[in-house]
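All chains are identified by letter, namely A, B, C, D, E and F, in their written order; residue positions are counted from 1 within each chain.
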Amino acid sequence: MSLHLVFSSTGLSACTRRRQRNDKLVLLGNGVYAHQQALDAGVEPADLYLLAADAQARGVSQAAAALAHIDYPTLVELTQQCSPIVSWND
Amino acid sequence: MSLHLVFSSTGLSACTRRRQRNDKLVLLGNGVYAHQQALDAGVEPADLYLLAADAQARGVSQAAAALAHIDYPTLVELTQQCSPIVSWND
Amino acid sequence: MKRFLFIVSRSPYGSSHALEQMEAAMVAAAFDAKVAVLFRDEGVWNVQQGQAGAAIGQKTISNVLTALPAYEIEEVYVCADSLSGRDVQTEPSLSVKPIHLSDQQALISACDVVITAQP
Amino acid sequence: MKRFLFIVSRSPYGSSHALEQMEAAMVAAAFDAKVAVLFRDEGVWNVQQGQAGAAIGQKTISNVLTALPAYEIEEVYVCADSLSGRDVQTEPSLSVKPIHLSDQQALISACDVVITAQP
Amino acid sequence: MNYALAVHGAPYASEAAEHALSFAEAVLASGQSIERVFFFHDGVYQGLAAQVPPQDKFNTNTLKRWQDLAGRGVELGICIASGIKRGIVDESEQARYELEHPTLAQGFELVGLGQLIAAINSADRYVEFPA
Amino acid sequence: MNYALAVHGAPYASEAAEHALSFAEAVLASGQSIERVFFFHDGVYQGLAAQVPPQDKFNTNTLKRWQDLAGRGVELGICIASGIKRGIVDESEQARYELEHPTLAQGFELVGLGQLIAAINSADRYVEFPA
């Protein structure tokens, strides 16, 4: 199972078209703005994570409250569970 | 009359929605790939220019042969004729 | 005195470019220039409510924007077209005006200088 | 030995990132790694015919790509989806294979390491 | 006409230098003048001293082209706020912040954002070369 | 597990440093190891010596965080090809190219692309922080 690190909204489009079903996906940086776009593209809520600090800085924590907001230790755990780890930042 | 300097294909979309009819438009750098997109967006061929060196480097001179390919002295002349000069590089 | 337009097309925090650009806008206004600001595309996220830059050790850009009126920068626009399709909740302490594409065309043409910060 | 995939999503010349990335691919291959390259989105312009980097004082990237087989990099893919809608004429001296999105999914999953260079 | 130019892109990450230099050279060749080139955002890296140009057949030495422009009287102003946080410092900033060495290339100077606005106000045209 | 990390973004132009540093600190805190952090493309500017952090209430000193990581035994390798053309040189490259001053910050070293591949081959995971 791959882990996709998504850093932007255009990166998300590039990613969702190339990910396997059930690959996990973390939104970081400007990627956190694209939480609804990720759901619309068919990513299962259970496979979708936001970096909590980045969502908080940008004021999108509340709008994305239904999703899993993670810290760095949890991100490290995800990278242990998955391979390869692919970054998307078009 | 404004002069729009367009450096990318996404920059072109942002520009064409915000330019006045008959504003001139120069494609530079990666913007030269978007010559057909510019015509499709309704830019008149007479208002559309490509920086010749950038088109040549990228191998799109031939495909864009119907348009005006300009050098830097001509670009300088265009900047004298127009104001403001707006850069687009989304 | 010239009329300046600063176009912000990038969201905040991902880079410091929007912040640096607002510093330039304030300096222009301090020089008595007539200054307008337009947020478009991903740049509209700069006016989002509830930002907290401290979470990542950065200045909160919406707080910086509240200082614009003190610099007599009253024309602060947000592209209406860019707002639609993004779930932006405008920070209530900011007085920003939605502006349609056709009015943006007129705005750009009416300015002497357009300063951007991209990509 | 690990299987590497280099994903190139940027067109050449605008920055040196695609070129630097191909240098990394060649080094990986020189280390006997199994290396594949995928050009997607604006990156597909790297394989355009008739490039002449000398016009702007740069190396011609399509010439650099012709060296890939010498490094035993045989899997060079171009995203078929990205090709459609762009008027790319593939340089005939390059042996690149169009690849569909579903096969890209499988390709990524099959690799140990994915190296990109963005934006 | 008199031009104010701005460079927002770093070397190798953008074509800002090639575009701005070729444009500036054409401005001067046409007998017109340049009030100032202002380096802003990542453009400040254009003024980093220790750049070693690639040893290929093109021998493109962008830093030298900037310095030649300075030699023809064009002022190359690096935004001091953008510059020092990124690590572009002249001798005076090096001393102020007790850094080991200055990093600003010859021909460039650190100036405030006010010098961007002043240049634009003095010039007939403002042309910006993005990242 | 053992990690190879890559940083592709410059300070202030990207969040690559904040992301990579926080990730690396969490890796070490969890008792795992980092084979090497490799700075590639514009990421090499992370190792520029003279960066002066903004004097605001956050006092974020990214360069110091990198150096603290080096102090804990993490190797910070700057791609030599990407670095010297952009102006990041150590004393040996400074001497070779007859430049005035070195510009590489303490705690970093210039290494070849082979060291990126070697780190990836030794590591269990490769994580890349883009521009």
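Rule of thumb we're sticking to: a residue touches a chain if its C-beta (ideal position, glycine included) is under 8 Å from a C-beta of that chain, and two chains touch if they have at least 3 such contacts.
Keep in mind that what you see is a predicted model, and the values were worked out from it rather than measured.
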Exercise for the section: Could you tell me which two chains share the largest number of C-beta contact pairs? Expected result: E-F
Fill in the blank from the handout: Chain centres from averaged Cα atoms put chain A and chain E apart, in whole Å, by 38
Completion exercise
Note: chain F sits from chain D at a C-alpha centroid distance in Å of 26
Exercise for the section: Could you put a whole-Å number on the gap between the CA centroids of chain D and chain E? Expected result: 33
Problem - Approximate Å spacing (C-alpha centroids) for the pair chain C, chain D - result: 38
Exercise for the section: Spell out, as numbers or ranges, the residues of chain D touching 2 or more other chains. Expected result: 13-14, 17, 54, 56, 58, 112-114, 116, 118-119
Exercise for the section: Spell out, as numbers or ranges, the residues of chain B touching 2 or more other chains. Expected result: 7-8, 29, 53-54, 83-85, 87, 89
Exercise for the section: Note the residues in chain E that touch 2 or more other chains, in rising order. Expected result: 12-13, 15, 41, 82, 126, 128, 130-131
Handout entry: Interchain pairs in contact, sorted by label
Key = A-C, A-D, A-F, B-C, B-D, B-E, C-E, C-F, D-E, D-F, E-F
Practice task
Going by the contact rule at the top, pick out the chain A residues touching chain C in the complex.
Solution key: 7-9, 29-30, 33, 36, 52-54, 56-63
Exercise for the section: In the complex, go through chain C and note every residue touching chain A. Expected result: 11-14, 42, 45, 48-56, 58, 60, 62, 86-87, 89
Fill in the blank from the handout: Residue set of chain E touching chain C in the complex reads 6, 8, 40-41, 79, 81-82, 112-114, 116-118, 120-121, 126, 128, 130-131
Fill in the blank from the handout: Seen from chain D, its contact residues with chain F in the complex are 1-2, 4, 17, 20, 23-24, 27-28, 30-31, 33, 112-119
Handout entry: Of chain F, residues touching chain C in the complex
Key = 12-15, 18, 56, 58, 60
